Each structure stands twice: as structure tokens, then as C-alpha cells.
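Shared between the two complexes below is chain A, which pairs with chain B and chain C, respectively.
Moving on, here comes the complex of A and B:
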């Protein structure tokens, strides 16, 4: 059987990581083009085949739709490069940069809930390369989340691993640092205050479990978030404080 | 965690210990006697259960279930003692289910436990039902660091151990998976003997058309009530044949009760396997332990095995003796905490319908 285009693209790509849901590859659409990131939702053999097909298709389409909505409204997310919902493949812009978890010297992802051991606390400040302070970075986080919530997109899995700081073109670059939200695999659309508050709550939990003494950091995120959300903020704050 | 050994806070038994476990949080009354020997071995001396079975189309009401437990308790405990060859005077502690579960049945069992405690002057140990399931599962299967899927008529949780606590990673946001299956069994008039879930499983084997049902996972949580409504709606469809397909029928475009059982299982179990896999990926465990009544479903075990195999992992499942509510699991968890010096004073032997798994201090593990 001949391989589909998506499948042969995957064959020629470099595997990056594998999660529970998907495999991630670094690929190139043509020899001269910029690299892209392929997210392949592989088949789950435990599921009934037609159920599996349907789920994969709707999830890929849903993720692409959320990204598109964000792109149109100027939320910093990776651009879409290709969508093959039937095959379960989504191709997005390759972001040169570093995840916030690493930048903030967070603990390792694997087994972070069992036996946490600080690994690289002595790492020298990796933020210097990006020309931002922790405080500024937290402001960027708050602003991006608020921009996303303004258009009723709920991320569903806000953690510091799902945020990246784009590497500036040069060290002396005058361009402001850009924070990019990634992995919209669990995202959905909702206008509910509750859902937005839950999104923030998930992030707060992620902060406290991966970054020690994160309380002032998260407070900065909220201040910036509140500024953008403006009149929508009090309702969300109430919901968040209710727990 | 692999590669790390920690000393268990539980000291080796200085003598043989015996515990009587009493369970009655739902429609089963169970009694079991567990022995922890000086040589470190653990023996199930007896494990007796009696189930309250209601007519087709009916669930079990708290009041009637409590009556059932009161009627059967002494017979079951008697049989349990005779079978084990142990007398009440040799027992070290009496363990009972403190919760979670149905109020009235829990109370009647707690009352029996208190009476025995006063009659024979033995200490009481209140046990969390879910922790009982997990500890018994780990004892029977020998799983080392499993992600636990606890699925029963009243509970649906994905659990993993961390720092002396069984943490809940995901759970149902509304009804339990067993409850969803049982209620659908009632809708299509399946028998409650031996259990509605077992009969759904048998019917599902004859189903072949997959009807579309909602699929509701939210991170590591799931929602089931909407699926129950959706599958019930299919029984009102014009295409639904409550008697099944007639033998000489050429009709293709129909839905039979068997198809609905099949579709319900396929959808709901896929959701359970998905959240379990997510938890495994999250904590980096390669083992799954299934406990609770629904855990004895062979299709669920099969799906879980495929998932685990694809991750180079392993599934630990048990048969109905230990999966479905039983007294021995209460004895096991109770005896572990008794050996750590824990007793429940009489004034605190109340029970509670709400008692989350993560509220228990798991003192006996490192």
C-alpha cells in the first residue's frame, strides 16, 4: 500500500518526543522551507476503530480551529502549516526558543508528582539570553492568557511547559521578547467565567508544583491578566477565590 | 519509584496478627479474616460475601439494603469464622468500612462492628473503602508503583501513591461508571443477578453496531451522565428493537439492546483507558492496577492490556472475589494501619457517606 503524504512526511522527520496522545516530530515541507513541528495523533488500538477515527479527526480539527482563532485575534501561538485531520496530523510553526519551565529552572516533567528532587537549581540565569526579567516574563504570561480568554478560547492545560519564549533574532535585538502559548490539544471554546477561572487555577497549581516560591510570580501574572481583562476581571477573580 | 528503595515504616510482625474485616457500604455484605504472619507472609483465611439482589428494573434502596445487611451479618460472620477456623477471641482487631458509601448500610455494619468490639473487648479500626480496594489489589497482584483505576458502582477514580497519600489524578465529574452501566441495565430490563454489569457485558458480546455516543474526557476527568441520557435516547429511536433482531430479519438499519450495550461499553471504557494512560504518562509509571467491581469486566481488562502493551507496561487485574466489594480488603487495610498503632476509639466509630481517598494518611508506606 502506498503511504499517504502525511505518513511519508513523518517517515522523513526527526522524532522529538512522545506523549500519551501524540508523537511530535521536527519536519520540513520542502528542502528550502523553514522547519515545522508535526503533531501526530497515532492510532489507539484499544479503541474501536471508527470511534478512534472520529476522535482523532475532531481533536485535530478542534486544535487547528483554536489556533486559527487565536492567530486571527493576535494571540501569540504557533502558525498553522498543514492539517490532515483524517490522518491525525497537524503541522505548525517551529518555535525557536525555550519553554518557561526550563527558563524558570522548574523540576523535571517526568515523575514531578512523585519524589520531586530539584535537579538544576544551580543553573545560571538562562533568561539573560532573552533580555527579560522574571517579572516582565510573568507580565507577558498574564497578557497572553488574557488575550486568549478575551476571544473565549480556553487552553485546558496551562502549565509552564506549554509556554515558550521565542529566541530573539540577535542579542542586541530591540524587539520585545515574545511569549508563545503552545499545545492546544485540550483546548475548547467557552464564554463561561467558570472555565476561565479553572484555566487560571490549573496554571496556579502548575506553578506551585514545579517552581518553588512561585506565589509572587503568579501574583504578577494575575495583575497583568486583570489589566487586559478589565471589566471581566472581577467575576473571574471571585470564581478563582472561591476555589 | 524504580531504582529507589526506601525503608518501609511498617516493621516486620513480631507475632502473627489476625484481623476481621466487615464491609457493607453498598449492596454486598462481606466478612473476611486476614492473617499477617511472623515470617512476613499474608494469608486470606476466609472471605465470605452475600449480595442483596433486587428484581430487574429496580436498584437497591438504602433502607432495604441496610435491612439485608442486618439480616445476613451474623450468618456471614459465623461462616467466615468457621471457615477460617479462628475464634473471635484470637482476633487482634475488628476493621469496618467508615466510608464512603450509602449511609444506612454503612451504619448498620458499623453498629455490628461496635457490638462485636464491646462483646469481645477488641479494638476497632475504621477503614476507607477505596484504600481497602487499593491495598488488597496491591497485596494480591504484587504491583509495585501502579496507577490505580478504581471503578465501581459508586466510584470512578484514577489514583497514584505519593508521599503517604493516595492522590486522585482524575475522577468522574458526575456519576460513577458502574452506576451508569447499572442504570442502563435497568432501562433495558436486564437481570440484577449476579450483577447488572455482568449481564451488560454478556449482552455487549452479541452487539456489533457502534452507535454514536458523546465522548466526554476533560483532562484526566470524565463525565458520564450525558452518555447515559444519550444511550437511553437511542431506546426511544424508531430503529430500536427491544426484542433484538428477529432471526430471519433482513433489516440492517436497526439498533438492538445488544448494540447499545456494546456501544456503551466501547465508549465509556475507551474514556477510562484514556485517562489512565494520561496519568501513567504524567507520573511515569508502567503499571496499571484495576480495582472495584467494574474492574472485573473482561473487555475493560482487554482494552487496558492493549494500552499497557503499547507503552511496554503491565496490567494487574483481579477476579470478582477481590474486585467486587469484600470483607477481606477491609481487614487488609485495617490490619496495616493497626500494625502502625492506629485504632479508632469507640466515640469516633461513626461512618460517613463522603470520605475521599486522599484524606487517608497512608502511614504504612514509605
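Moving on, here comes the complex of A and C:
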């Protein structure tokens, strides 16, 4: 049987990493276009095929909708470049840059990174490349999460691996470094204070488990977050403090 | 001639940008009539207008068009076209709603079209010059380089159709690339909008 278009595309792409739910590739749609990132939700043979198709389709649709909602409101997320829900493929803009986890020298993720670009992480202070200090970076994190919560999108898996710093286009670039939120695979919509507080709590746990002495960093995140959330902040703070 | 070659399919798309166009009403009438003629004469007439005629002023970038073409090719390959042909599917993909009539009215050729992007999806064996001759037979207008699209895009109408009037103010380069990214993303995820 001939391969489907999406399968041929995957065949011609570069594997980046693999998780339990999906494989990630770097691909190019056409001769002239910029690279994209393909997230392929492969078939789960432990599920009934029709249930599997349904779940995959729903999740891709959910992820794409969350991304579009964020894009429309100016939250920094990757643009969508292709969707093939039948085959489980979501193609998004390739972000040239580095995950926060790596930038902050976080402990390595277990094993599943296929590490194609491992070499440039060896730098003494990788942040220097991007022209931001740790403190500024934390502010950007707080602002971006707040922008997302303002439009009632809950990320569902906020970790430093799911945030990227976009590499400035040139060294002399006067443009501010851009923090991009990625992987909306577990995202959902909610207006509840509780859900927003949980989103922050998950990030706090992620910080403390991957980055030593992270308390002051996370405190800076919250200050910037509070600033943007304004009158919505006290209620969220109360939920967060209740633990 | 602008060509779109994809890494995952033998389909190739060719596009010509016409500006100005002198016979938009006639082209539209011809497409409508071609659908009604029967027999070999009908087949011939349908072949003559077997293109996607796109209102160029609503296209924000090359990638915008490429994304619509790619999604139409994918839908066609899976037998999941929402319209009759891959060419009409491009128009459908471009419009943010699921209303086919509206998609054709907005993004297809109309009596008032001043600029047109004429696209043909074909396979890699097709001859570029043949396609070009056929496009020029139907459209009475001036072919301009694809890069001219940047001066043709009507950003206010793009914003209106994508309901971005409130979200986006300003007219600078940065604003345009912001709108372009949203518009491209909407086209890419058209198959899974609510």
C-alpha cells in the first residue's frame, strides 16, 4: 500500500525526540519553506482502533484550537503550519532557540532525548547569547503565563522544558528576547481560579525538582504574573498558598 | 511562474499573479457555465477553467497560499474534500468559517476582482509553459512577479474576515507579520475548527 502523505513527510523528516504519546520531528513541507516541527501522535495499539482515532483527533484539534486562541490574543506560541488529524499529525512553526530547562542548566531529562543539537549547550553561560539575565527571563515567564491565563487557557503541563527562548535574529538585534510557550497537548479552557493556581503549582514543582535553589526565581515569576493579572491575582494567590 | 513543490507528494502547484485583471466578470461566468455544459464540449470547457481563481488581495503571504494548497492536497488524498475539487478546497481552506458559499464569494473571483492568483494543482510531469499558456488564455490581465503580492494585500479586509479588528491595531511590518501568522494558522487548522 502506498504511504499516506503525512507518513511520507515523516519518513523524510529528522527525529528529534520521543515520548509516550507522540514522536517529534523536524520537517520541511516544501523546497522553499522554513522548517517546521511535526508532532506525530502515533497509533496506540493497546487501544481499540476507533477509540484511538477518536482520541487522537480530539487531542490534535484541542491543541490546535488552544494555539490559535493564544496566537489571536498575542500570547507567544508557535504558529500552526499543518494539521492532518486523520493521521495524527500536527505541524507547527519551528522555534529557533533553546528550552529554558537547558538554558538554566537543569538536570537532564531521562533518556528519551535523541539529542541532535547537543553541542551548543556546553557554553559557560548560555543565556548570554540571548541577551537576557535570569531575572529578566523569569519576568518573561510570568508575563507569558499571565497573558495565557487572562484568556482562560490552562496549559496543563507547565515545566521549563515546555518554554523556549527564541534566538534573536541577529546578535545586534534590538528586539527583546521572546519567551515562547510550547506543547499544548494537555491544555484546556477554564475560567476557574483553582485551575490557574494548579497550573502555577505544577510549574513551581517543576522548578524545584529540576533547578536547585529555584525559590527566588519562582518568586520573580509570580511578581511579574501578579502584575499582569492585576485584580485577578489575589484570589489565585490564596489558592496557591493553600497548596 | 511560481511553483510549490512539496516533499511528501508528487503533486505540484503552479501559481500566476495577475494584476490588474480586465475580465473578472467573464471568468466567473465562464466557470459557472462550464459546470452546465454536457458531453465532450463540457469536459473541454471544464478543463479550460480547471484552476483555483483566488482573490489575491486577501492573501497575506506565499506561505498563506502554500498552506491552503497543502491542506487541500492532504484532504484530496484522503478522500475528505469538503468541496467538489482540490481547487475549490483551496478557497474553502482560506475562509475561516465552514460556509462554502461564503468562501467562494469572498476568496473566489468576483465581478470586482482587481487581482487574481490563479493556481493549478497538477503532478510533476506537467509542463510549466503549458500551464502558463492555459492560464493566460482565461485571464485577460497583466502577469506580475509573485513578490508584488505584498503591495496587493488589503489588510483591513483580511482583518475583518478573520475577526481581528479588535485584537490588532497598527499597520507596521510587525503587525502584518502578526496577522499573517494568525491567518496561516487558521488555514492550517481549518479541518479541526469547531
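We take it that the second predicted complex is superposed on the first by the 230 of 243 C-alpha atoms of A that agree within 3 Å, B and C clash if a C-alpha of one lies under 4 Å from a C-alpha of the other, contacts with A are read in each partner's own complex, and residues count from 1 in each chain.
We adopt the following convention: a contact is a pair of C-beta atoms (placed from the backbone, for glycine too) under 8 Å apart; a residue touches a chain by one contact, two chains touch by 3 or more.
Quantities reported herein were computed from a predicted structural model and do not represent experimental measurements.
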Chain B and chain C placed together on chain A: clash or fit? fit
Worksheet item: Touch check for A:55: first (chain B), second (chain C), both, or neither?
Response: first
Based on the superposed arrangement, let me know which partner A:157 touches: chain B (first), chain C (second), both, or neither? first
Quiz item: Is A:46 contacted by the first partner chain B, the second partner chain C, both or neither?
Solution: first
Margin query: According to the stated criteria, A:12 is in contact with first (chain B), second (chain C), both, or neither; which is it?
Written below: second
Three-chain overlay: angle at chain A's Cα centre between chain B and chain C, nearest 10 degrees, stands at 120
Chosen between chain B and chain C, the partner touching more chain A residues is C
Task: State whether A:227 touches chain B only (first), chain C only (second), both chains, or neither.
output: neither
Once both structures are superposed, the least CA distance from chain B to chain C in Å comes to 19
Footprint intersection on chain A (chain B / chain C) at none
So, in the complex, the side of chain A touching chain B is made of residues 19-21, 44-48, 50-52, 54-55, 110-111, 113-115, 156-157, 186
Chain A residues touching chain C in their complex are 4-6, 8-9, 12, 27-33, 57, 60-61, 64-65, 67-68, 71-74, 79-86, 91, 93
In the complex, chain C touches chain A at residues 4-9, 62-63, 66-67, 70-71, 73-74, 77-78, 80, 164, 167, 178, 181-182, 184-186, 188-194
The answer for chain B against chain A in the complex is residues 1, 4, 145, 160-162, 167, 210, 212, 215, 218-219, 266-267, 270, 273-274, 277-278, 280-284, 303-304, 306-307, 310
